[in-house]
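Note that the chains are named A, B, C, D and E in the order they appear, and that numbering of residues resets to 1 at the start of each chain.
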Amino acid sequence: MTTSDDTRLAMQGTIEALTSGGGSEPVVVNLGPQHPSTHGVFRLKVTLDGEIVQDAEMRIGYLHRSMEKLAEERTYTQNIPFTDRIDYLAAMSNNLAYCLAAEELLGIEVPARAQAIRVMFAELQRVASHAMANGTFINDCGAWHTPLFHMFRDRERVLDMFEMTCGARLTTNYMRIGGVAFDLPDELLPTLERFLDDMPENIANYEALLLENEILHARARGVGVISPEMAINSSLSGPVLRATGVPWDLRKASPYCGYEQYEFDVPVGERGDCFDRFLVRMAEVKQSLHILRQVVDALPEGPYLADVPLHARPEPGEAYARVESPRGELGFYLVSDGGPAPYRFHCRPPSLINLSALKEMSLGGTLADAIVTLGSIDIVVGEIDR
Amino acid sequence: MSDFGFHLAFWSLAAMTIGGASMIMVSRNLIHAVVWLVLSMLGVAGLYLTLSADFIAVVQVLIYVGAISVLMLFAIMLTPRAERDNSSSLKTAGPAGVVVIMVMIATFWVAIDTDWGSVREVALTDQARLIGESLIKHYILPFEIGAVLLTAALVGAIALAREDDEDAAVHAASLQAELDGLEFDPVDVVDPPIPAEPESEARS
Amino acid sequence: MMEIAGLSGILGAWYDFRDLNNLQRLITEWIADWGPDWLASIVTGLLGALGILGVIGPTLLVLIWVERKVIARFQQRYGPNRVGPKGLLQPVADAVKLILKEQLAPRAADKLIFFLPPVLIFIPGILIWGVLPFGPRMSVADLNVGVLFLLAVSGTAVLVIFMAGWSSNNKYALLGAMRAVAMSISYEVPMVLALLTLVVFSGTMSINGIVEWQQQEDVIFILLFPLTALVFFFAASAELNRTPADISEAESEIVAGYHTEYSGMRFGLFYAVELGNTLVVSGFIATFFLGGWWLWGLDEWVPSWIILLAKTGAVYFLLIWTRGTLPRLRVDQLMSLCWKALVPATLLFVVVAFVERTLLISEGWDTTIALPIMAVINIGLSLGAIMLFARVARPADLRRPARIRMAGAEIGGLRAARSVAARSEEPQFQVGGD
Amino acid sequence: MTTRYDAEAAAALVNDAISGAACVDGGDLYLDSTCLVDAVRVLRDGGDSDLVFLCNLTAVDYERHFEVVYHLQSLDLNHILTVKARLHDHEDPALPSLTGLFHGAHLQEREVYDLFGIRFEGHPNLQRMFLWDGFPGYPLRKDFLQMPGDVRAGLPGFPHEREENAWPVPGSVPQRPYHPNDPAPPSDVAAVEGEEAS
Amino acid sequence: MIIGLEHYLILGAILFCIGFFIALSKKNAIGVLIGVELMLNAVNLTLVAFSRFSTTEIALSTQVFVVFIIAVAAAEVAVGLALALVVYRNRQTISVDRTTLLKG
């Protein structure tokens, strides 16, 4: 048998092609940084075999603003506006977490009324943030903005209340070390009452539209599944963790701001897929409304801000305080060297760490599944990059 | 239809058909060649219309433009590393040209020289119904055979184009063996011989 | 005396708007009086084409407004309301903007094939209007193979989409084009089968013939073949790239699919053709399944094309509605839906149509009695088929309901998760499942 | 309520398994960086420590040394422990990676590497995360401005504003990072003549 | 001049020859297939022309024949392209010059 060089080369090529996966060539597709579904400047490099995801690698940093460095040059109070801009969809939660850490460092007692107001705004923020998360998630499933705009309506009312209270809608800068910046305006409580009265009907509408939607089930059930063991090992938190069935909620596990006074429940999912994450968020909104009702019914009187010096100089030491933000465990780690500015300012970003398992969740699914999975994790790029 | 309109239609469609076909000859890009083929097919469909064969014309568009060309494009897309070039091979172009010119002369001569007999003035009407009826009545057996042929082609094409991972592995190993000049036994690839102590190896 | 009669005859026909053909016939006869006969046929053809273009163009502009406004209402917004009264001039402003925009072409694009598609896509988009009957004799070309023509012309659009996607040299575009081709090849099958049902039952391939059959038998096809109508509606919306089947330009996945790289008016052309196709497909659905220009005798009093337009509008509204409410299916789900559910369902009704047609023709059953009975049987069969497929073709994932439980006092990690899951009482809510 | 896991008890637990691996200083548990992985594994898998959840991983630059701080949490027992490791090599600090124990450490270790320059040995994909490859220095170090790389405080202006970094042709636009076809990071620019890309 | 049968026959002949040349000379297997398709179309054109102009009963039979040819052509393309795909997979090329070995 004689084979010419030409044939030999061709055979060599064939062997390469056959051993590298049946001769089909993987395609690398960049989702982002400018892409309708990445919710910001976030880049996901997906390697596709046909439509099947073989590899997913994320590239981030397009929104990096070096907040942790900047914060080392500013006083504790001056840093509060930075926290707004870390997770700009849940500014109140970020304010709160930072203030808790600073208070722990300074050893400040927060008045009861301020605590209740903080809970009120943290829960309102959760309603607003989950509305956005669920709306964009349905959008990623391919709906043409209808559920998103309906949910935006609720978020809009929450933002109106923020504006009423502190003059800002998105970057609120409302919490202060030792309390909150302003007392509640007179018209807030009636507005909130009306909001609480209207929401059950709205939620019933969304549930009627979405929960039994066969297409949504087909798109989100069994997609982006992660086991509870893997979720814990990957440090996932928030609705992503609870959807796997792990009942871990810092409001219950490590209550802050007097959450132990309020009666609420922690919804958990069963399979840890995208649909469970969506359902958990829907159920959490209801629980938040329940908490809000209790806060409104028993709002204590008294000062709204403790007596804190403007340029507080805490003792040298460190503090790690965390809250259950809409996206998960949001922690602030502060180190003080006794100066007016934090020596080290670190934010534990739930959005970033929840992405740890993105690759594992999306491997083997289709490109469309990867998009839905990304949408169900509910990331905020400002928080990922900081 | 009037003479002028008919002339206009015939000559422009003829130009389209022949032009498209010639561009296939010239074009060096295979995908361009398929696009020119589509143009040529559309021209032929138009010519069918001038021959009052509306059913055939529509079927031509449906099959050639809607299906065959798309199939070809798909096949081109699925063979990425093959050259997309549509050039003629120099070795065969010369003899082919001679043969083709001879065929052309012969067919021209036959076409012009033969007496084709009396010419029908008015075209058949309602051809779809007539074709359908004769397919069912006179040509029922070929019709059925055609159906079987299409099914067979379908199954055959799928069977040919399919190759699972195991086949690929066997194939790669056979080629490697051929290159190395060894004897090849596909069973070794499908069921690899078990190593002596796999468990202990995995632990260490 | 003769002249006056001729004039009034012409006039009488001319102002009878029930049949717009009268006007055209008038012009044709007038040209035939003095000009060569080829001129008349060319002018007639041009007139038809101009008529279609003249109607489609403004209609599209209005439709853009209607669609945006209706979708906005679904979404509790106002929709366009700034340019012109009620925002009516918004589409004009959009069109002007698109025309003035820069037209970019990627450096690595295949130039010739990249430039052609926006133009070529217009050809099937316009040709398809030619066989839509607006009235008893009112279609530009009343082909006796009209149904086949419809399928052939709509099939060619795939090629253009493929050219657009391939030549852009963009992976999103290529993915979109591949999806579009795979999908439209698949969805042509249930579409053909659905039309075959009608052709078999009415015994004609002429589209006008199908409408006339419905008129003659006093029945509309959606009553006789409801499942076929549903399948045709879904397959058509898949061919049109509208949600829930808009995977070839799925915004959240592949940006804009095959026309990602087209900017300015080139994109505008794609967009316009897509809208026009949506309208014409609504027209065909109205024609095939809702009786077209005919409405139980009303067409004697109201111009038939107005009846058709009303029905078209209704179907179009339905298309907007589905687009406004439904999420999108995945590629493989759409494919399996097509081959596992839609094709068998339409195939079933092709057979049913054969049987019933044979009963009507060969056995000579009385249509006034037989058709209502058949309608009832077919509706029952459709419901049965839908229920059967819902059970058989449903993925196993969806059989189990999704459950949300309340953790209650159990807060913690894996151990708590197990004890929550093991709790025997009902979950807080559960959705889906059989 | 989350309790603090007693550092002394944790130190005893670790020292039982690996002698001398842990010590307590100022109420915090310090682990020896050479046997960090094994020590954390003891804490993770130990029955009554059960610290299965890596809450937070960060580092602090104390000028003379680095401290890498781990917050480990037990979900079921609901206690938290702060674990620290000191790195005395300030020029080229390195620490074993915890990615083998906690999948969630991947991104956090990359972040610390990116901003502090602490190498985590054994990390499968230790690249810069927020900053681009070749960024001079590690910005969260206290001596960032003294590091080689000529970084100055304040806004330096965009690269194309500096003459030596002018783009090849006036009026050229960066094409790379935004184009979906390119798997590579930003590197080249497209030249533009009028409105035609050339 | 009246356009009659001969015009169509000559047109068909030209088309056939072009297709023949393409089929003979192209290196690429899909190119060859395109040539074959052109030849089949030329034959179809001729048959339809006969059908239009003939007065005998073959007028209808030729059209039926064309329908069969189109069906067979579709089958042929499907199988031909599948073959091209297999050849490509095995040899990494679909050039007919280089796939002369009738094996594997």
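Observations
FYI, contacts are C-beta pairs under 8 Å (C-beta built on N, C-alpha and C of every residue); 3 or more make two chains touch, one makes a residue touch a chain.
Quick caveat, the model's predicted, so the values are computed rather than measured.
Centrality annotation: C (chain centre taken as mean Cα position, compared with the mean over all protein Cα atoms).
In terms of the distance between Cα centroids, chain B is separated most widely from D.
The chain pair A-D and the chain pair A-C differ in C-beta contact count, and the higher one is A-C. Comparing the CA-atom centres of all chains against that of chain C, the greatest distance is found for D. Chain centres here are Cα averages; for chain C and chain D they lie 55 Å apart. With each centre defined as the average position of its C-alpha atoms, the distance from chain D to chain E rounds to 66 Å. Averaged C-alpha coordinates give centres for chain C and chain E that are 35 Å from one another.
One inter-chain figure worth recording: chain A and chain E are separated by 62 Å, centre to centre, where each centre is the mean of the chain's CA atoms. Counting partner chains per residue, chain A has residues 13-14, 17-18, 23, 28-29, 35, 232, 246, 248, 253 touching two or more of them. Shared interface positions of chain B, i.e. residues touching 2 or more other chains, are given as 3, 55, 59, 67, 74, 81, 163, 171, 175.
For chain D, residues touching at least two other chains, in rising order: 52-53, 75, 78, 180-181. Chain E makes touch with chain B in their complex at residues 1-11, 13-22, 24-28, 30-31, 33-35, 37-38, 41, 44-45, 48-49, 51-56, 59-61, 63-64, 66-68, 70-79, 81-86, 88-90, 92-97, 104. Against chain C, in their complex, chain D makes its touches with residues 52-53, 74-78, 180-181, 190, 195, 197. In the complex of the two chains, the chain B residues touching chain E come out as 3, 6-7, 10, 14, 17-18, 21-22, 24-25, 30, 33-34, 37, 40-41, 44, 47-48, 51-53, 55-56, 59-60, 63-64, 67-68, 71-72, 74-76, 78-79, 81-83, 85-89, 91-93, 95-97, 99-101, 103-104, 107-108, 111-112, 116-120, 123-124, 127, 130-131, 134-135, 138-139, 142, 146, 149-150, 152-154, 156-158, 160-161, 163, 171, 174-175.
Remark: chain B residues 1-5, 29, 31-32, 35, 38, 54-55, 58-59, 61-62, 65-67, 69-70, 73-74, 77, 126, 128-129 touch chain C in the complex. Taken in their complex, chain C has these residues touching chain B: 36-38, 41-42, 110, 112-113, 116, 143-145, 148-149, 151-153, 155-156, 158-159, 162-163, 166, 178, 181, 185, 188, 205.
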